[in-house]
Amino acid sequence: MGNLNALILNCSLKKSDEKSNTDALLKDFTNVFDSKHIKSEVIRVADYEVAYGIADDMGDGDEWPKILEKIKQTDILILASPVWLGEKSSISKKVLERLNGCSQTNDQGQPIFYNKVAGSVVTGNEDGAKNAAGDLIFGLAQLGFAIPPNPIAYWVGDAGPGPSYVEAEGYKNEFTQSNIQMASHNLVHLANILKERPIPAEGNVSN
Amino acid sequence: MGNLNALILNCSLKKSDEKSNTDALLKDFTNVFDSKHIKSEVIRVADYEVAYGIADDMGDGDEWPKILEKIKQTDILILASPVWLGEKSSISKKVLERLNGCSQTNDQGQPIFYNKVAGSVVTGNEDGAKNAAGDLIFGLAQLGFAIPPNPIAYWVGDAGPGPSYVEAEGYKNEFTQSNIQMASHNLVHLANILKERPIPAEGNVSN
Amino acid sequence: MGNLNALILNCSLKKSDEKSNTDALLKDFTNVFDSKHIKSEVIRVADYEVAYGIADDMGDGDEWPKILEKIKQTDILILASPVWLGEKSSISKKVLERLNGCSQTNDQGQPIFYNKVAGSVVTGNEDGAKNAAGDLIFGLAQLGFAIPPNPIAYWVGDAGPGPSYVEAEGYKNEFTQSNIQMASHNLVHLANILKERPIPAEGNVSN
Amino acid sequence: MGNLNALILNCSLKKSDEKSNTDALLKDFTNVFDSKHIKSEVIRVADYEVAYGIADDMGDGDEWPKILEKIKQTDILILASPVWLGEKSSISKKVLERLNGCSQTNDQGQPIFYNKVAGSVVTGNEDGAKNAAGDLIFGLAQLGFAIPPNPIAYWVGDAGPGPSYVEAEGYKNEFTQSNIQMASHNLVHLANILKERPIPAEGNVSN
C-alpha cells in the first residue's frame, strides 16, 4: 500500500493561466490523496495540443501521446469536467475519443487500462453534473477501468446562471464534501485491492 | 471462490409467459456462471407487483421487498433491459428508483450494496444499447455497487425496425459474444476479489 | 387564436392525493395559459392504471386509452417529471413507451401527433433537470410533435439533498420564472402558427 | 417559398480531405433540398480552427466567427455527427458550446436563433445514433431553434465494429431513407411556415 499514484485530467475549456472552479474542488481530492501518501498530478488538458481522431498518435505535433504515457503509468484516473449546456465539456469527450483509440494491451493480453480505477469530478454553476459524470464513468468502464462505489464528486448551484464553486462557497456544501470523501477513499481502496489482487486474465484477453 | 451467487433482473416490459429476447442473451451469461459453479437466478421484474416510490416498502401489496431481499443476498447483480425509443425500459428505471430508496447500511456502516458488483445486459432490434446500459451502470455505481471493466453485453440490429436477438441470430455476432465473455468473467473476477478483500470502511461510512 | 387547449401529464411517482412540487411549478404555466384563454388540464398519470407495453390498448383494465384520447384532442402537450437519480421518472418513460406504441395517422396519413406542439417541465431537489427534459423533448420530437424554441422550464436546488420547489421558494428563482414565460408563450405561439399553417403532408406520410 | 437556405455542419473528426460516411448520407439530404430549390452548404467543421470557449470570438485566429456568420444567415441548420463510444463527436459538442456562448438577439429582442429550424444527422458503424442526435436536438431547442417533427436521420450497423454507411450500403436501408425524407421535408416545411408566420416577440424577449 502507498505506492499508488493518481492522475487527474481537468477538462476545463480554459488553459491553466485561467482559474478553474473544477481545480478548486479537485484540491479537496488531492488533499485526501496527500494524506494517504498517494502521489497525484493534475493536468489541464487544454494546455496540450490534443488532436482529434481515433488513434494513439495523430502526428503533426499531437501532444496526446504525452498524456497517454501518464495514464499508462497511473493507478487512479480522474476525469474532471465543467458543465456546459447540461453536459460534459467537449474536451472531456475528446479525451474519451483518444482513449477509445488505444488498443494496446498489457503483458497479460488485457486492455491496457485493466487494473486501473477511475472516477469523475464535475463542477458547474447549475444543473448537469450527473449527466456529465455518467458519460465519463460509463465510457471509462467500457474502456477497461474498474469503477469503485460512489465514484464521483460534484458541485452545482441551483437552476440558472449564478456563481460557481469558488465564489458560491461550494466547499461548504456537506453533500459535496461527503462525495469527495467517498470518491477519493473508494478510488484508493479499489486501487489498493487491485494492486494486490489484479483481475485474472481469463475471459478478457483479446485474441 | 465458488460460493458466489448472481441475480439477474430482466426488466422487459413483458411478463415471463412471453418470450424475451433479453432472456435469450442472458442464457449465454448464465452458462458462463454455471461453468464457474456460480448459482444464478433470472427474475422477470414484470412478474412482480412493484410499486412506484422511493422507499423500501410502499405497502399495499408492494412486492419490491421480495426482490430487494434477493438483491441483498446476491454478490453479482445484472440489470437487463430491452431498448425502447433508444432508451432503457421504464421498468428498469423503476428498479433504479426503488434501489435509490434504500438507505440501509451493512454492519460496517457502508451502504448495503457495497462489496457487490454490477453489470448490465441490453437487447433491442436497433440503436440505443449503450445509452440504456450507461444509465444503468452509472446508477448502480452511485448506489454503491462496484463496476468491473467491460461490464456490459448487448445486441442490437442495424438502424430501423427489424428482427430481435433470437430471430436475427444475434448469438452469431462475435462482438456480442466477446462482450458476454468479458462481462460475465469480469463480474465474477471482481466479486471474488471483493469477497476476499472487501472495501474498507473508511471514508464511505454514513454518519 | 384562442381555440387551443393544453394537456399536461404530471409524471410524478405520487398520486394526486399527495402534494407534487411539479404541480406547483405547473400552476405558473397554466396561469399563462389562462391569461391567453387556453383551456388546460393537468393529469397525474399515477392516478391511472397505465399498463406496460407497446400498443394503444394493453387490455385488462389498461387506462392508457383514456389518456391517449386526451392527447389526441390536445394542441399542446407538456410532459412534466420529477428528477430521481438525475433522470426523468419511470412513469414519464412509460408514457413515452405508450406514445411510441401508437401508430395511428391523421386523415392526411401523417403520424397522429403531427401539428401538435410539445414541451417539458421538470422539478427536483437537485441536479438532473436538463437530462430529464432532454429525453422527453427528443422522444416527443421523434414521435411527431413540433418543438418550439426554449421548450422547457425547470427548477432544481444546488447539489445534494434539500428542499424542493415549494419549500425552497423556487418560484423566486428569476431564471425559472423566465423559463416558464418563454416555454409557455412559445408553446402557444407555435401551436397557433401550426393551427393556421399545418405541416403539409409531403415527405412525412406513411405508405 | 423557395428563398430558404440550409447550412449543414458536418462534425466529423476528419477534415474534408478524408472521406466522411456522414457526408454520404448528407448527400441524400441535400438532394431533397436541391429538388425544392433550397440552397444548401455543407461545412466540415474540422477544416476550421475553432477555439474552445464560451464567447462569439475567442480571438487568436479563432475561426468560429466565420461559421457563426453562416449560421446567422441560414434558415435551416443541421448538425451532423459521427458516433464514437455511443455518443456524438467532441467537435459537435464544441459547436454546441460556441452556440451557447452567443447572446446576440434579433431586432425583436429574441435570441438570434429564433425562427430558424434545426435537425440532426448521425452515422456510425454501430449503436449510439439516437443518443448523439438527442443531445444535439435538445441543445439546439434550448438555444432558440424550432424543431420540426421527426427531425433526425441516421444510419448505424448492428452491434460491434463493422463497415460504415458507404461500405455497408446503408443507403439501401428503408428506414434510413424514410428518415431522410421526413427530416428534410419537415425542416423545409417548418422553415417555410416560420418565414411567413414568425414567432411573435411576446414572452421570449430578453430584458
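Each chain gets a letter, A, B, C and D, in the order it is written, and its residues are counted from 1.
In this section, contacts are C-beta pairs under 8 Å (C-beta built on N, C-alpha and C of every residue); 3 or more make two chains touch, one makes a residue touch a chain.
Only a predicted model underlies this, so the values are computations on that prediction, with no experimental measurement involved.
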{"item": "Most remote chain, CA-based centroid, reference being subunit D", "value": "B"}
{"item": "A-D against A-B, pair bridged by the larger set of C-beta contacts", "value": "A-B"}
{"item": "Copy pair subunit B, subunit C: interface residue numbering same or different (half cut)", "value": "same"}
{"item": "For subunit A paired with subunit B, centre-to-centre distance based on mean C-alpha positions, whole Å", "value": "25"}
{"item": "Chain centre separation in whole Å, for subunit D relative to subunit A (CA means)", "value": "30"}
{"item": "Residue list for subunit B, restricted to those that touch at least two other chains", "value": "85, 130, 134-135, 142"}
{"item": "In the complex, subunit D residues that touch subunit A", "value": "13-14, 46, 52-54, 84-85, 87-91, 93-94, 96-97, 100, 135, 139, 142"}
{"item": "Residues on subunit B engaged by subunit A in the complex (per definition of touch)", "value": "32, 111, 113-114, 130, 133-135, 137-138, 141-152, 181-182, 184-186, 189-190, 193-194, 196-197, 199-200, 202-204"}
{"item": "Complex contacts: residues of subunit C adjacent to subunit A", "value": "85-86, 126-131, 134, 154-161, 168, 170, 173-176"}
